[in-house]
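Worksheet for the structure shown next.
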Amino acid sequence: MTPAPGTAPAAATQDDVLAVRNLDVTVGGRTLVEDVGFTIRAGERVGLIGESGSGKSLTALSVMGLLPEGLRASGSVRLAGVDHDLVGADEARMSRVRGKEIAMVFQEPMTALNPTMRVGRQIAEVLLIHRTRPDRASARAAAVELLAQVGLPDPGAAAQAYPHQFSGGQRQRVVLAIALANDPALLVCDEPTTALDVTVQARVLDLIVRGVQDRRSAMLFITHDLAVVATACERVMVMYGGRLVESGPVREVFTRPRHRYTQGLIGASDLTVVDDRGRLATIRGSVPPAGRFPAGCVFRNRCDHATEVCATRPEWIPTGPDSGYACFHPVPGSAAPGATTPTNQEAGRG
Amino acid sequence: MIVRLVQRIAILLASLAVSSVLVFAFMAVLPGDPARVALGTSASDSAVAQLRQEFGLDRPLVAQYLSWVRGLVTFAPGNSYISHAPIGPQLADRLQVTLWLVGTGMVIACLLALPLGTLMAVRHRKPSGLVLSALSQVGVAIPAFLAGILLITVFAVGLGWLPANGWTPPDQDPVLFLKQLVMPALSLGIVQAAVVTRYVRSAVLDVLREDYLRTARAKGLRPTRALLRHGLRNAAVPVVTVLALQLATLLVGSVVIERVFVIPGLGSLLLDSVANRDLIVVQDVVMIIAMAVLLVNFLVDMVYLLIDPRLRGGGS
Amino acid sequence: MSVQEREATVASAVSADRKRRRPVTGSLLVGGLIVAAVIGMALLSFVWTPHDPTLVDPSVRLQEPSSDYWFGTDKFGRDVFSQILVGSRTTLFVGFVAVGVAALIGVPLGIVAGMAPRWCGELLMRGNDLLLAFPALLLAIMFAAVYGAGTLVAMVAIGIASIPHFARLIRGGTLQIMRTEYVIAARAAGRGPFAIAVRHVLPNVSGLVIVQASVGFAIAVLAEAALSFLGFGTPPPTPSWGRMLQESQELLSIAPRLAVFPGVAIAVAVLGFNLLGDGLRDRFDPKLEDRR
């Protein structure tokens, strides 16, 4: 195995909230996430995109230390203000960090809340666990205030209600209120709008972005929806086959992708681009099952540009302080966007 | 909430009515003449006729049924066909003894099953969890009366620590009462515990996989506290269900256990009455057990409403 | 929540327990072996037993285990090993009749309740639930009081008491199958309810029936042992493990082994049927496919 090329180039600075280095996630003998490295600066909103099975959720759960039983993370995850590595930290230490320094919004709002506990208590609990409010009464008052912040009508009554009395969108707001309660330095969102009705997606997304902006929190936003990233994030990282394949400012990556996978992903998401037979653009083949990606470049079995050299592992090629890609046959960078690359990416899809 | 309560009470009353008709019909219609049965085939026709008249067995069945139900409802269920003694006080005495047994057995079962089942779930991949699982599987396979016999063999016959059998009311000699209660209650409790443990385990395993438990940990609760605070209440619904279903098993199990330990409970009364062909007592005891089961089912429905807000329906 | 919803909760809790693919299907293997051994013993007892299991011989009362009497003899001088062998027949006979009665009534009842209009199905299940108030042992004692003690009476009673478990489970399975597209398609094509029940529902719930049969077998074996112990089961001289236990009780201080052999036999047989049921559920439970 080649030595750690995937690690993002930017050196850790005072400014970094999160620094992930050489993160691997394995189960049994299979590697699900391989050599992922990146940093997130204070207040920065970073998107992590990829198809299902690309390892993006596992990356997020590794940061939280909440990997499912049987999966093992190795490498390093450092959080500003926490004097130990989050990888391999024991539950006692992690429980002090979770809910306070890092918080998380999950994909499935219908099941993320305890059905037998009043919503207000579930919010107040996170304040009391970390003793950010002195007593029950003030925690309860803060919970009502948080419910108001996430835009629930009649927050006082809402605090007294049980989760089943809310819709999916409203429950996701409650989950967001819990996550934001202690003004975390980093908010991790794992597909927070995917399970919601299209009509409420934009509203919840807006609340999330406003919430982190108000608190100057950084955000790691996981999604497969390019439009959502374009709306919510400043920087984007693309994952495929358990590796980071490209990263950079949203505008740059979406308009001038370098990695062939990113190029395909953007092409596939654009419903205005059809080939000469009138079909929508897709990426050839399908995502292999976890741990069954080809050696070398993980994308080469689906890539039209793959050559023999792709059987070896591509180096990470930095193109800026926060950007780079890992591809032997990148989309030509200086030239205008290629013919297959759509040009209207940031426009009007929020 | 009120609607639900009224509905449940109606179902309870209907169930009680239907099951009493079933029991009465089964005992009164099928076997022929209870007076003849009670007196035996050698009795003279006039003796049988006299008994029939004494107990109103010559009346229409509907009238007999109504007076039987009235007797049960007013706690005055008439006299035995055999001894002619009133059944009521005897039933009350016997029921009390059985309730001690069943109650203690249930407490033992819960004390063992709730922590062990939770532990088994939390450690379901570790050797200790697997060993506990295997043990519970073996425990389920042991009949309660066999457990009783084994306990007697070890603690009464072998070590001589406890009396092998017998029963003393608690107000007569509390110490002896406890000594005599230990083994029968353990026999019932341990075997029940094995059954309940397996349900607790799967209920907790289910809860451990729930998203809200992950949410709880993401809030900063350690796994154990997350399970205690957010998991147990949610795991309680299936566990309470099983406890209620098992109560019927315990009541019937005590019939056998009373025989093993020579305890004068409801079960002994039932068995003796069957042996004596005292069908009215059999009918009463069977009905009491059925009533107890139905009543517990009703109470469990109420407990659900307390546990799970989703069942209360609509607003708060 | 009604009894049926509650049982559904329990069923899902139990099936959830098995959602994880366990690496070993050890329970199926061990359970199958034990059940095969019990069947083997019963078959063997037809052609060979070391002694006549019912032969009373006062000259060899209470013998310790020896090469001649492998498990020793009881207070009447009967060979314990031979009794255990022949007793396995009683055990299997009881299980087959009880499970047969329960399945023959419970399965059609469950399918009808699952296919009937909702109110009708609910009503059937309410009646079905009433039976739960009369546990197997109680019903058997009632039957014994009325018809006299006997193996067949006991087994029929145990079978009737097991009906609600079959009916409840099969109704649940039927409801699931009635929602599948092939049944909807068959109904749209004008197939009658009987044809749907036979061609679509029955084959699909057969797995559930087999699982419940195995568990019901274990329940029947336990109940027969308890009934024989109480004197309401198999009458002498037919050997029965439960009655062997009962006969051993007065001799506990002298010959505890007389309780050990039939006790172990009962426990192992019940364990075998339970394990087999668990293992079969791993294979047949349709809920396994629903969620990951």
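We just call them A, B and C in the order they show up, numbering each chain from 1.
Here, a residue touches a chain if its C-beta (ideal position, glycine included) is under 8 Å from a C-beta of that chain, and two chains touch if they have at least 3 such contacts.
Quantities reported herein were computed from a predicted structural model and do not represent experimental measurements.
K.L.:
Taking each chain's centre as the mean of its CA atoms, which one is most distant from subunit B?
P.N.:
A
K.L.:
Could you find the two chains linked by the most C-beta contact pairs?
P.N.:
B-C
K.L.:
What's the distance between the Cα centroids of subunit A and subunit B, rounded to whole Å?
P.N.:
From the centre of subunit A to the centre of subunit B is 54 Å.
K.L.:
Just the number, please: Cα centre separation of subunit B and subunit C in whole Å.
P.N.:
About 21 Å separates the centre of subunit B from that of subunit C.
K.L.:
Can you work out the whole-Å distance between the CA centroids of subunit A and subunit C?
P.N.:
Computed value for the inter-centroid distance: 53 Å.
K.L.:
Okay, in this complex, where on subunit B does subunit A touch?
P.N.:
125, 210-212, 214-223, 229-230, 233-234, 307-310, 315-316
K.L.:
Can you list the subunit C residues touching subunit B in their complex?
P.N.:
Counting only subunit C, the residues touching subunit B are 1-3, 6-7, 9-10, 12-14, 16-17, 126-127, 129-130, 132-138, 141-142, 144-147, 218, 222, 225-226, 229-230, 232, 245, 248-249, 252-253, 256, 259, 263, 266-271, 274-275.
K.L.:
Could you please specify the touching residues of subunit B with respect to subunit C in the complex?
P.N.:
For subunit B paired with subunit C, touching residues are 11, 15, 18-19, 22, 26-27, 30-31, 137-138, 140-146, 149-150, 152-153, 157, 198-199, 201-203, 205-206, 209, 237-238, 241-242, 244-245, 248-249, 251-253, 255-256, 259-260, 270-271, 273-274, 277, 279, 282, 286, 289-290, 293-294, 297, 300-301, 304, 311.
K.L.:
Show which residues of subunit A lie in contact with subunit B when the two form their complex.
P.N.:
Those residues of subunit A that touch subunit B are 64, 66, 69-70, 91-92, 95-100, 103-104, 106, 108, 111-117, 125-126, 129-130, 160-162, 164-165, 175, 178-179.
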